[in-house]
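Working notes, structure below.
As written, the chain order gives the labels A, B, C and D, with residue 1 at the start of each chain.
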């Protein structure tokens, strides 16, 4: 299952979706809005909220490619990739990756592959909003 | 939080327990009862249910040692280790490991360290029950 | 010349001030021509670390051709997750 | 001689048929003495891949001393998770 959603992500339904009788291991990764970020000067800067924006149809396509590649590499019984869009407050979940496999090593590896690759290729953008300004993450030299 | 419990493990409360404002990444590992296991002849054998037994006080102590060591190695903001005991049916969750950290690499690494080490040192035993017999896992030559 | 509509996201949209613009490009134009045109018309785009182009929802290389019916989007550095 | 109570778990309990047994060990006995005694009294334990001993909830080496007030447990190969 792959989704972009403006609504809060529900962990329990993602877990239920992944339960299959052959699964011995399920790994979940949650990306959560942290209350601080290193500023350009390396100093900690307090984050107020984040805004996530996606090029929806292409983002779905790119996430599907990542899931397909993960399927080729590991014996995946089920996966869930859900990315939130819109304004997120501190502590809210921005992304949930879930992978069910027969054994644990492959669940960890596939989950990590999926989140690492999402951060590299999927057209989703994050703006950090501070009390005194805002920054599109990773966008400027 | 470290617990042994005869009751079903609740994901949502584990997640809530881990949410802190400094956490950017949370990794969850779930060990789930699989419907099959490789038999001694390497052939797939259908599992009916599992029974987990623990030497409770020592199991808690050993899990605490693992959590403490993980804390020394990674910048952990919170962790949950819950292991089920008693009879478990196919698809039920036997163990939940959850780790919250500022960044994702350390969440994956710490979670994997904890589950890998639990399987090596914590006095918990698993019996596989088949339609035609039973086996204490890993107990005989 | 062909009119080509270009979707803008994230910092690209903020710098240009619009979420879509229309460019006039020669027939047979390539992605590299589009980028050159956009940088000329919107010098502020130079403030972005890197810019890729998607054609019909797929990343397209500098030599890819652009036709008026293609859906074109500018992709600044992604930062999802 | 000292009476020492030993907790049994998993396959060890199944093979011996009891969840706790009392052994009579010499004063100053070590873990290795306990294991030798148990293997003699309960030859079925030889069917287990390996047996460790816990003393007061901590793994104890072969040379560790056992006193009557210690909580002693036999630890067959663990298989949690």
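In this text, contacts are C-beta pairs under 8 Å (C-beta built on N, C-alpha and C of every residue); 3 or more make two chains touch, one makes a residue touch a chain.
Computed from a predicted model, the values in this text were never measured in an experiment.
Trainee: Which chains lie in contact with each of chain A and chain D?
Mentor: Chains touching both chain A and chain D: B.
Trainee: Suppose chain centres are the mean of their C-alpha atoms. Which chain sits farthest from chain D?
Mentor: Farthest chain from chain D, going by C-alpha centroids: C.
Trainee: Please work out the Cα centroid separation of chain B and chain D, and write it as a whole number of Å.
Mentor: 26
Trainee: Take the average of all CA coordinates in chain C, do the same for chain D, and state the distance between these two points in whole angstrom.
Mentor: Inter-chain centre distance comes to 73 Å.
Trainee: Indicate the whole-number Å distance between the mean C-alpha point of chain B and the mean C-alpha point of chain C.
Mentor: The computed centroid separation for chain B versus chain C comes out at 49 Å.
Trainee: Going through chain B residue by residue, note those that touch at least 2 other chains and give them in order.
Mentor: Counting only residues that touch two or more other chains, chain B contributes 31, 104, 115.
Trainee: Chain C: which residues touch two or more other chains?
Mentor: 81
Trainee: Tell me the shape of the graph of touching chains, choosing from line, ring, star, complete and other.
Mentor: The chain contacts form an open line.
Trainee: Which two-chain combinations touch?
Mentor: Those chain pairs which touch are A-B, A-C, B-D.
Trainee: Touching residues of chain A toward chain B in the complex: what are they?
Mentor: 11-12, 15, 19-36, 90-91, 100, 102, 104, 107-108, 111-112, 115
Trainee: Which bits of chain D are touching chain B when the two form their complex?
Mentor: Those residues of chain D that touch chain B are 7, 9-11, 14, 47-49, 54, 57-59, 73, 75-81.
Trainee: Note which residues of chain B are touching chain D in the complex, please.
Mentor: Its residues touching chain D are 31, 52-55, 57-59, 61, 83, 94-95, 115, 118-127, 136-141.
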